[in-house]
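The first chain written gets the first letter, and so on, giving A, B, C, D, E and F; residue counts start at 1 in each chain.
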Amino acid sequence: MTLINKLTNQEEFVGYYLLKELEVKQTNGTPPKDYFDIVLGDSSGQLSAKYWDVKPMEKETFFPMDLVRIQGVAHVYRERLQVKITRIRKVTDEDHVSITDFIRSAPVLPVDLLYTIKQSIASINDTEMRTIVQYCVSKVEEKLMHYPAAKMHHHAFYAGLAYHIVRMLELGEFICKQRPFLNADLVKAGIILHDIAKTEEMTAELGIVKEYSVQGKLLGHISMAANWITEAAIHSNIELQSEKIVCLQHMVLSHHNLGEWGSPVQPQMAEAVALHFIDAMDAKLQMVEDALDTTPDTEEWTPFIRGLENKAIYRMKL
Amino acid sequence: MTLINKLTNQEEFVGYYLLKELEVKQTNGTPPKDYFDIVLGDSSGQLSAKYWDVKPMEKETFFPMDLVRIQGVAHVYRERLQVKITRIRKVTDEDHVSITDFIRSAPVLPVDLLYTIKQSIASINDTEMRTIVQYCVSKVEEKLMHYPAAKMHHHAFYAGLAYHIVRMLELGEFICKQRPFLNADLVKAGIILHDIAKTEEMTAELGIVKEYSVQGKLLGHISMAANWITEAAIHSNIELQSEKIVCLQHMVLSHHNLGEWGSPVQPQMAEAVALHFIDAMDAKLQMVEDALDTTPDTEEWTPFIRGLENKAIYRMKL
Amino acid sequence: MTLINKLTNQEEFVGYYLLKELEVKQTNGTPPKDYFDIVLGDSSGQLSAKYWDVKPMEKETFFPMDLVRIQGVAHVYRERLQVKITRIRKVTDEDHVSITDFIRSAPVLPVDLLYTIKQSIASINDTEMRTIVQYCVSKVEEKLMHYPAAKMHHHAFYAGLAYHIVRMLELGEFICKQRPFLNADLVKAGIILHDIAKTEEMTAELGIVKEYSVQGKLLGHISMAANWITEAAIHSNIELQSEKIVCLQHMVLSHHNLGEWGSPVQPQMAEAVALHFIDAMDAKLQMVEDALDTTPDTEEWTPFIRGLENKAIYRMKL
Amino acid sequence: MTLINKLTNQEEFVGYYLLKELEVKQTNGTPPKDYFDIVLGDSSGQLSAKYWDVKPMEKETFFPMDLVRIQGVAHVYRERLQVKITRIRKVTDEDHVSITDFIRSAPVLPVDLLYTIKQSIASINDTEMRTIVQYCVSKVEEKLMHYPAAKMHHHAFYAGLAYHIVRMLELGEFICKQRPFLNADLVKAGIILHDIAKTEEMTAELGIVKEYSVQGKLLGHISMAANWITEAAIHSNIELQSEKIVCLQHMVLSHHNLGEWGSPVQPQMAEAVALHFIDAMDAKLQMVEDALDTTPDTEEWTPFIRGLENKAIYRMKL
Amino acid sequence: MTLINKLTNQEEFVGYYLLKELEVKQTNGTPPKDYFDIVLGDSSGQLSAKYWDVKPMEKETFFPMDLVRIQGVAHVYRERLQVKITRIRKVTDEDHVSITDFIRSAPVLPVDLLYTIKQSIASINDTEMRTIVQYCVSKVEEKLMHYPAAKMHHHAFYAGLAYHIVRMLELGEFICKQRPFLNADLVKAGIILHDIAKTEEMTAELGIVKEYSVQGKLLGHISMAANWITEAAIHSNIELQSEKIVCLQHMVLSHHNLGEWGSPVQPQMAEAVALHFIDAMDAKLQMVEDALDTTPDTEEWTPFIRGLENKAIYRMKL
Amino acid sequence: MTLINKLTNQEEFVGYYLLKELEVKQTNGTPPKDYFDIVLGDSSGQLSAKYWDVKPMEKETFFPMDLVRIQGVAHVYRERLQVKITRIRKVTDEDHVSITDFIRSAPVLPVDLLYTIKQSIASINDTEMRTIVQYCVSKVEEKLMHYPAAKMHHHAFYAGLAYHIVRMLELGEFICKQRPFLNADLVKAGIILHDIAKTEEMTAELGIVKEYSVQGKLLGHISMAANWITEAAIHSNIELQSEKIVCLQHMVLSHHNLGEWGSPVQPQMAEAVALHFIDAMDAKLQMVEDALDTTPDTEEWTPFIRGLENKAIYRMKL
């Protein structure tokens, strides 16, 4: 079975794929006919596809997020590869395929990511900080097993959020060793909490963001996480005005660095400066890595990447 | 006794004033001598003053915020009026002067401002919104009796914050009548809460901001007020995820309108748009009014006003 | 007959509508066939529609701004409701429908709006200011009966400009009462004149802007209004250098507040600051109100609004 | 007699100079003594100077713009050359010096500049354009004989405005020859009118701007010139809506190119684009030339120039 | 034969054209059919065209940059003129047409442009500067015979780059005469070198830019030209640190004026300031002239021009 | 002997210090007297100082960068600590003090820093890249032993540049391990070359930048380093167009990320993105660490830091 990012022009193929998007549309002919406008996905990427001459019953059969077996042909349309589906059916138990094989995932198992995060929490020496972090993580532990870190920007895959946190913890550990004046507890706490409220800012399924919640749009994950810290402090009987609570909130509030990027205050502690750059470095390099991974090896340049000043990345031939 | 904003060049005078600022400095002569670099204040404005040849004991006698009786002469120095103090003594009980007579104040009594605010709270129909507002106001009721609304920007006078709120409530009432689709409860609540945490963001005395608190710098009054709403909801057993709490927080978080002005989210509700403009209109017009009031009548132009794109305001002769 | 903003998916309907836009296009088939790409309008909003298999004679029959009777079916296409027209004919006298019933209008009769504006002019105490305002208004009195205030931004409906002025006059009256140091004559004059030249900057019919005039593009309504004041002064023998003329021009020139928004000078008088915020508040709140009104009640969020930092507005369920 | 830009450290000198600025100040000593804080000027530049121990009568003798004979010594203070005046007296008729020898001037006689401008007006073929330009120039002909083009920015010298116009006319003539599709009449008219209202935006004496007028601040020279064109058209019975008037106004209104630089509209005609660049090129190169001229030959770099992105200019040794 | 910019709606025509772009696409019908999506070009401009019902063999016959003979009809589609091709064949020798007749070209012969450039190089008095310029020009002499100056921005035609240089040399000569303090050698050298590396930044054929090279994207023509100067100096044994080399590099590096426009340093020499404005004036006026030329005479306004703040240009009727 | 950052108000002290700056000034008294305006430095920081009543011979004795023995008293002036010097003499051999003890230095010996850099170069696997890096480093090896990385911004101390490189190499090694798709050779080369030309952009002595060179101002260190790579390639017979050279130049040219920060191109390779963030993280965290180190422990906040959005850093008390 051919992976999506290996399909070539004029290739005929048969295989299992995920219907990441499916919309019933009508041709402009007279009378207009129904067709499916589809986005096929598998673990290697995604591709646009058309299925013409849809029968009425098929409209009641196929829905987004279904797994299907497809016979089709790839062809170039407007400079991009596209699939024309000739046959389609839903998978059955006999096919022995599982949806988790068809989505992009973090390269580490969610259960291992969560284990690492919990180990990191356990290693926070300060009792009150540890309590606050524990409270917030336990609110959304289950979602941490699968949420992506963003809709499209970066780490937009299954367990992408937890993977982002774990990689940042590695980088944070290095920086704290290189610069011992940094408070390692605060850096760890900041890393784990900085995007934690994304789990309620967006709704996601199988690593794919469906939409932003009302609360997510009206408050944003930065202020929501600050709320959680307040809530955690009250429930744990920690003084709201205490320096620890204020510093933890400052870490979260300032991690986007600038007002125009959504932070109501700018970093004013060494650890907050560190957090911002640890976050930025991990997110930007992941964008680059994702773009190179999902661009066919034959392409010299990736598509333009919005999070990188809308620049494309060159694949060096060295 | 001459008010500060009525003093003229070469005028000799005697009167009571407040030492708003006092610093001991040394002349460049050899040997250098001590002198006081002073900012005199009264209810009409403030003026720079020098007191030369300070005696050692005087350095232990006079401090900022003291009320003093002064004999001096006004003269123009670098195009601005300045005072040379020839005699100075602290006031005693026999002088029968009170510090409150020497500071700029809102034109309405603090007690009346607070009464109006409380009436407004009482008129909020929604029980839960009213509870939240009440909780937050009661935290800082005493400070509302005297806090200014800002360090210099606007309403920088005794009870300026409460006066700002009351004037906004008047404007809010008008707008809600003109546009009945607005939720008046939410507009009132937003007005009362929007700057409420300035009382902990800054420390102030007699209507003069002394400095920003650590918490104020690290979190900012916008996020602090959001925290208070969370706290109020928990203590009042109101669901944190409920639309009312989310909307109230949105009002506060978005009232600066843009990220670069400190709001982590932009207004996304009709009432939040209204709140931003009610706040802006009251603050800007007060800046203009204050600048015209404290600029001598003989001047055509006020000084440059930072909050108004650094423009001076022309005093029309019509 | 169903109003446009009440149509639902798969609904078959018959009714009278306005052809706000109509273009003859061709399908991609072979041979290509003609069809109409239409925007239907009524007093409640507008909707995209297609009429397939257009007969040659029909191309000579139907034109933009025609009133028609339509039989059709609504269906969702690319997440938006669209109409497929099955029958169409022009209205005749027997249909007893009038075009004015099919366009969005100010909620107050134009004649009443104009009356209010004239009353306001009459109440300007200063003779020369009143003369100038009268001169300018009389130039375009007839257009004030129907012009919108903008192409799409805000008050984009029949008599929207006059309605905008009247609402601003109400707000201006409130502000002048709240802050008596403002010169009410100047505030009134500024409100009435600030957008008056939009009547020559754009051409409009039935409350819909058709296009910008050459003069409108090359000079802009702000400079055009300044020209009118010069013209009015010369014709009324008022000294061009007099403070009144200069102040009136300043009000108009500065009302967009910033250079990048089209004002060659920034507000430098109390009344000019007031005018800018009165204008902004009325325009922005109207955008919000219009967006909520024309978005189906079942939608939680309005479309994105360009004039509000491209944000959508949330419809609170409280 | 030594020119100001030739004075060197520790040089003792005697000579005639202009008191460009003079302020009476007091030392910090006890008792404080009066001294003069002075800016000396001559045709080669200007220099800061002090005159200590001012006698009471001297305060009634010396005023800004007086011509004086000075004995003094130059010395370096805070890295800049300064003069300590040891003797000072006003010039008398016997000194046979004239103020015009002490101010920076355009390198062409004002009468010749004006002659060139008039020749250029006479060469405008279009009668109506010529009439408008003539009307505006005749309003301020006398001021054109001596006004500078700006306070400090560029051409800040005697007859600098007329010189700027004449040089732009030369450049405009070249461009119109190189690109014959440009309307030479419109280019000429635009050049002559673009800054013409600076003569009323500022008050100037002997090529030195004293201050901005109220009208200048409230309207700006761009809108004022547009007003003059309106006025000229009415007085000459030229239709205000005619394309010629609209185009002339567009030239003036758009010549600063961007809203943030004060133009309410951006260039939308070939000639307006040309005017903007002719103006920019002449102004910027003059800034460079002035900076190099008034910086001592021994300096490698000029001071920072605000109009050139605050860059200093390097004096190549090639 | 009708030139493209003279075609009118519903006109049937026969003629020779260049296939500037050709893509095989498929209709949405069932089964979908192949058609050609074409951009036709000639010396007067370009136009979109469709050729329906493409036969399989035709897909192997027609390619971009082919010269063809066409029979077709022009019609308006979405407010723009488009061509429907009814017959198409490739030209043969008997047609006696040459591709160079079908592309937009500089109005001066390339050989003459190059001659002028070489004359200008020969007139550089400074031996070392002349050597550097010669070295760089000789690298790409052949490309200078046909390269455009940009992809779309300005001078996007055959030999546009050389034409841009020659026109700038004319302007530079004028400016150096008007302001003799400028070093004419440096101005000439800067003009000839400023965009010279565009010949390797982009690949172009027949005056049409095909794409940017990898080197062009990663380094940009500004840094590439600086490299060439280094290379030229080494090969000519001129000291790399010498002022001449540094100044020449500064001219090239700073000619875009601002960092956000791609210059790593800002102009800090009189000649660099001059170069920037000579370049800007020539490029902008050429954009205007090109836009007016290629817009049908019947149109009042050109399309929006990205390089001119996205403004359209008005065609005065005077 | 008291270190500068341990001095307290009113403390009398004796000790050895470096005269980092010394200027002869005059008091305003009559007659004015000479005094020294001094900046004292030692390894812990720097402090402003005055020495009154300078004798003529002393003006010939003391110069900047002299080591001196001082008797003085610290006192607070305008809220900052200052020193009044009562006695001063130059050090002699008998004092047994060395200037290197009085300047801030990297916490690692220069020789060790250079060793590390050379080891890193040796570990570059690609022969040509290694050759280029070696060539550039050998040009300035001696300067790398002492140059700071910037004038004030960050790493402004003895051997600060080499220290910055070494710390970045550590971070780069970590990142390359964490993300093996990165080309480690290119990352190392980029880190070593990115700021290498600062050694010729500025002149520095004892870790203190004296001034920018003419070449430094006209070209900037980014373009200078690109020149060096060109030079190195030519001297090493490496093809200038080869991908390695282009990629190395891209690393250097893009490392400031944005045009407004001085990079003519933006990062378009994974390694260039990594380099930018490695540089930013090391520079920003060093700014924070330096600010906290040189601010007395008793201060809660550091001064404002220009490179960190002009924010002060809070010293957590946790």
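Keep this in mind: contacts are C-beta pairs under 8 Å (C-beta built on N, C-alpha and C of every residue); 3 or more make two chains touch, one makes a residue touch a chain.
Remember, it's a predicted structure, so these values are computed and weren't measured experimentally.
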Separation of chain F from chain A in steps, with touching chains one step apart: 1
Chains in simultaneous contact with chain C and chain E: A, D
Centroid comparison with chain F (C-alpha atoms), farthest chain: C
Chain C and chain F, separation of their C-alpha mean positions in angstrom: 60
Whole-Å gap separating chain B and chain D, where each centre is the average of the chain's CA atoms: 43
Shared-contact residues (touching 2 or more other chains) in chain D: 28-29, 214, 217-218, 243, 247, 258, 268-269, 314
Those chain pairs that satisfy the touch definition: A-B, A-C, A-E, A-F, B-C, B-D, B-F, C-D, C-E, D-E, D-F, E-F
Parts of chain E lying in touch with chain F, wherever the complex brings them together: 214-215, 217-220, 222-223, 226-227, 230-231, 234, 240-241, 243, 246-247, 249-250, 253, 258-265, 268-269
Of chain B, residues touching chain C in the complex: 126, 167, 170-171, 174-175, 178-179, 181, 183, 186, 243-244, 247, 257-258, 266-271, 273-274, 277-278, 280-281, 284-285, 288-289, 292, 308-309, 311-314, 316-318
Residues on chain A engaged by chain E in the complex (per definition of touch): 27-29, 33, 52-53, 77-78, 300, 314
Touching residues on chain E, where the partner in the complex is chain A: 23, 25-26, 28-32, 214, 217-218
